[in-house]
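Structures for review follow.
In what comes next, chain A is part of two complexes: it sits with chain B in the first one and with chain C in the second one.
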Partner chain A sequence: MTLPYPKKKDPQKRTKVPTLPPGERSRAALGLAIAAARGRFALQSCAACGAVQYPPRDACRSCLSVEMSWHDTPAYGKLLAETRIHASPDPYFRERLPWRMGSVQLEAGPVIMAHLVGVSRGDRVTVELRLDRAGQGVMIARPMKRTEDMEDDPVLRAIGTHPKHRRILISDATQPVARPLIDALFAAGAAHVFAGVPELWRRPHGLSAIEGLENVSVMPLDVTDTQSLKEAASEIGGKVDILINTARHIRPGGVLGQDTTAARDEMEVNALGLMRLAQAFGPGMAGRTADGVNSSAALVTILSAHALSPDPGYGAFNASQAAARSIVQTLRAEFAPSGLRVAAVYTGPTEDEWHQPLPPPKVAPKALARAIVDGLDRGLEEVYCGDVARDLAERWAADPALLDREMMGGGA
Partner chain B sequence: MSILADLTGALVGGDLRVVDLTHALDPDFPVIVLPPEFGQCARFRMEEVSAYDHRGPAWKWHNLTLNEHTGTHFDAPIHWVSGRDWPNGAVDEIPAEHLIGPVCVIDCSEGAAQDDDFELTPEIIAAWEAAHGPIPAGSWVLMRTDWSRRRGADYLNMAEDGPHSPGPTPDAIRLLLERDIRGFGTECVGTDAGQGAHYDPPYPAHFLLHGAGKYGLQCLCNLDLLPPTGAVLIAPPLKIKGGTGSPLRVLALVPGDAK
Partner chain C sequence: MSAPYDGVVLTCPVTVPYVRFSNETAHWWVARALRGTLDAAGLTPRQIDGLSVSSFTLFPDTPVGLTQHLGLTLRYLDSIPMGGASGVVAARRAARAVQAGDAEIVACVAGDANRIDSFRNLLNAFSRFSLDASYPYGFGGPNATFALIMDAYMAEYGATREDFGRIAVAQRANALRNPHAMMKKPLSLDDYLNARPISEPVSLFDCVMPCAGSEAFLVMSEDRARQLGLPFARLTGSIEAHNAFPDDPVQLRGGWAAEIDKLYAQAGCAPQDIDLLQTYDDYPVISMMQIEDLGFCAKGGAAEFVRSHDLTIDGDFPHNTSGGQLSVGQAGAAGGYLGIVEALRQVTGQAGPTQVPDARLAMVSGFGMVNYDRGVCSAVGILEGAS
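Presenting the complex of A and B:
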């Protein structure tokens, strides 16, 4: 299947108002969304008897134990039955009929209901947990081998954030990640890139790497300058399908030794800059999440994994990252009614001038770019790029207080 | 009080013109850029507090963020290490009578058009004095380069080895100090040349002027509308307690027949 580039819109037709699939879930079932947000396939299992169960419940259906926890589970199964739904009272599905669903016997035990992408009855399938437009985890049964074309399927297109045919704004294209990011986006089929550049008057480094590229528009944009965002949004606000916030300001130094002027700059760019971007472009994007093939889909921002627990050597910077993470969480709630995905890409120390004296492993711009585009391809909400970020996230998930102690220098 | 009556009469009647030497404070107006490991000059930023809306129904106003040295601005002696102990060296302490005074304009625009690193030298000052008489003690001296007409990246004119813009040599500043000037002003982002770090002493205008208790003005414009002599400069900085400088509105009173 190859998705054609959409025709120009008929300006006499009203843009479709976003509708959402049913979003009500039990507290136990939210675990599916947590796994889907990270691109993992996890199911509930019982600590007492080991039974794997679906759908999620507050107690084990075999032994009634309430010691339930979530574990990554093999995501393979057999498609038992399929159906094509031609009528639905639900406004979201009514607009997208026919819709294929089926039941899958998972090798891990349970039988689950899944949306079907390119599979037929009797097939051995891979099941993915994906976030739908309501931000809930849903099961997708797809062929064993993942293909890029698969993302063209209407089911995945409706819930996904794939860059194909989409127009993408990069907020600060002078950052080292920008050029590899632009390349990766075009490789994924992006239609156009708007490359924001702050402070053109100083001939910023990095500008030469993006000037003159085909399908890239360089435009003045500064996340610390509300006026520049207003001007950019008034020009392109109606056609930004994906916004990737690459603007970062980093100065090493803790809290006692760091200048508040530098810390303020970090807050201005990293935290308030994200807030200003969301205010300038968010409403326009939120209104276009059902706008055909190249509907708006996602707002992505890069965060340090130390947003979770600070590295005291970068204490002031990490305070801005924790603030930005908090803003991301609020934006998720605020954009939820529109189905606009708000994704955070967590990285460890990046390979740049501000982490120069640090030992490896460091995240190369190319790796960060790949992680961002991979997250968009798979519709993720939480992406961890590189070993440091993954390790920090795992330790944080296991025991945040213990990680805090470790970051303070406690423990060997 | 007939002097003031004459003055206001001349202003109303057009025998005196008021020339504005100030750039608008604008987020896109360049500021000095230092190596990134140093503290930086805040860019001008303006955030709406209310605009006749739910945040304030009948009024519009903004919060501003800026450095003392953002936009068209005044440098006080304590701005530089050489002037740190100068008495009354902060903007709030400068005697008010220092803020209005005569101004001499040395036209370097032809040279600056040819050479981005054009230098104001003692020879140029001597030639100017030969034509217009000695620079009077207590006067402002402004270096006209027409640099203010440059826009965008051409203003700082940043290259891999730093910015390139005209400015005075150390000896030129020493000569101006011999004349006991009040201060020195330019159209560029600083009183020193873009490559001023490479002089001995580095940044001679800042180092020598402020070390002698003199003032600086930079990011000026419209200097082409001033006569070489005979105008009056009005340059009062904001009264910032302990301030090292201040954005300000710089005005000149110019005889109606001049230029």
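Presenting the complex of A and C:
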């Protein structure tokens, strides 16, 4: 299957109003969304007897223990039965009929229901947990091996954020990540890139790397300048399917020993800049999440993994990252009714002038670009790029208070 | 083996004719069925002391609210939230209550409203597992769930759509003799096979039509029924089973299979003694499973069974003589009473145009509540008309 590029829109036709798949879930079932947001396949299992459970529940079906926890689980199974649904009372699915689903016996034990992508009864399948438009974790049964155009399947296209045929705005294309990001997006099939450049008139560093590229429009855009955002949004707001916020201001140093000038700039760009971008482009994107093949899909922002727990050597910068992370969480709630995904790509120290004296491992721009596009390919909401970010995230998830102590230099 | 239901009878079957959509509430439908069964007995509401209710649409009330709403003073009150298994379960529990002296006369009633959009609203709040793990996958409702069961059943046992069609076609023929059936048009096997797909392999005539309606009967001592001069039936045996065979990956058998030998032993009869069978027919594949699990043929043999038997009222295996839910309609929880109320009419000689000649022994099977991927509740009863 190869997804054709959509025809030009008829401007006289009404843009389809976004509807969402059923989003109501029990508290226990939210664990599916947590795993799906990170691209993991996790199920509940019983701490007492080890029995793997599905659907998610509050007590073990084998021993009645209430000690249930989520663990990564082998994601293989056999497709037991399948159907193609032609009638549904749900408005979201009604617009997308027929819809294939089936039941899978997992090798881990439980029987699950799943959306079907390119598999039929009797097949051995891989099951993925993905976020759907309601922001909930859903099961996808797919062939054991991913195929190149698997993401073209209408089921995955409907729930995913794949860059193919989509038009992408990069908020600050002068950052080192911009050029490899543009290359990776086009390799994934992106249709067009709008490359925002702050203070374009003074030809900032990094401009030469993106000038003159095919299907790239360089345009003035400054996340600290509301007027510039307004002008950009009025020009291209109806065409931005994915917004990737690369704008970043970073200066080393803690809180003491300097005035608040650098910290103010960091807040302006990193936290308030994200807010302004969302205000300028968000409403337009939220209205276009059901707009055909190149519907709007995601707002992505890059965050330092130290947004979770600060490195005192970059204390002021990390405060802006924690603020930005908080804004991301609010944006998720605010965009939820539209189905627009808000993704955060967490990175450790990047390979650039501001982290120059730091020892490796550091994240190269190319690796960061790959992580962003991979997250879009798989519809992730939380991406951890590089060993430092992954390590921090794991320690934070295990015990945030302990991580805070360790960041302060304790626990050798 | 559980004790027989000596000295207790079922009587006064009543069906309040179904309508596709109605603005009336569940309270209204329950009241009408209750009044109907009491009128048939010549009793007033003050003369009953027990009530068993099944309804999905009483909210915010429960059967407790009905006692005040309907002015009933009771010493036995039961709520059976088991959908398609409700009728048999209500009967067997009421019979025990009467037998033990906890109540003298129990009115068993099921009814539901059906306003525009009621069905969608009912599905929306049906069960936690459905919300978490079934509806997000296309929201096909029970049609999709039973499509998976039908798909697996066809693959396992080689049943074809023609086989399922035979059940639907025979029931339509029965329904054409039932003035209360919602479906009035004849159905041919070609009509069945060419109907639009709903959730493959389920197509239009595999599905029931949601509607509003109610059903009721009374449970009392045999002595009381004789005093009142009422035709009655004995409950010679009954079973219920919930979440049976939980480790079957797909539901290819129901809880009936777990308990069926005990049922025949309790009732002192065998499958060949049964004059007519009322299965729970939310989908023909479930009727096929019941024909197998109730002992009328070997597992996997129902397709061959329906090919070699005539399932109409005048046939050699009268089945769902009212037309069943497939042709009468499904009035919510009343769908779980349709079979037992019709069976009671049959074995007491009151079935009128759908009467099976000389019907004495009827088997009624119930099945209900798709909590996630299968029906969880099953129940069976055998009714014997008094001679």
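By definition in this document, the second predicted complex is superposed on the first by the 411 of 412 C-alpha atoms of A that agree within 3 Å, B and C clash if a C-alpha of one lies under 4 Å from a C-alpha of the other, contacts with A are read in each partner's own complex, and residues count from 1 in each chain.
Keep this in mind: a contact is a pair of C-beta atoms (placed from the backbone, for glycine too) under 8 Å apart; a residue touches a chain by one contact, two chains touch by 3 or more.
Everything numeric in this text was worked out from a predicted model, so none of it was measured.
Annotation: superposed three-chain arrangement on chain A; chain B versus chain C shows no clash, the two fitting side by side.
When both complexes are overlaid on chain A, the residue A:226 reaches chain B alone and has no touch with chain C.
Shared-chain residue A:369: touches no atom of chain B or chain C. In the superposition on chain A, A:35 contacts neither chain B nor chain C. In the superposition on chain A, A:259 makes contact with chain B only, not with chain C. Using the contact criterion defined above for the overlaid structures, shared-chain residue A:201 touches chain B, although it does not reach chain C. Which of chain B and chain C touches more residues of chain A is settled by the count: it is C.
Legend: residue contacts after superposition of the two complexes on their common chain; A:84 is shown touching chain C, with no touch to chain B.
Look at A:210: by the touch rule set out above, it reaches neither chain B nor chain C.
For the pair chain B and chain C, the model built by superposing on chain A gives 38 Å as the shortest CA-CA distance. Comparing which residues of chain A touch chain B with which touch chain C, the overlap is empty. Across the interface of their complex, chain A is touched by residues 27-30, 33, 36, 39-40, 42-43, 45-48, 152-153, 155-156, 158-159 of chain B.
Every residue of chain A that touches chain C in the complex is listed here, in rising order: 21-22, 24-26, 28-29, 32, 54-56, 61, 80-90, 92-93, 99-103, 105, 111-115, 121, 132, 134, 136, 138-139. Within the complex, the chain C residues that touch chain A are 119-120, 123-124, 128-129, 131-141, 143-144, 147-149, 151-152, 155, 196-202, 246, 249-250, 372-373. Within the complex formed with chain B, the residues of chain A that make contact are 199-203, 220, 222, 224-228, 259, 261-262, 265, 353.
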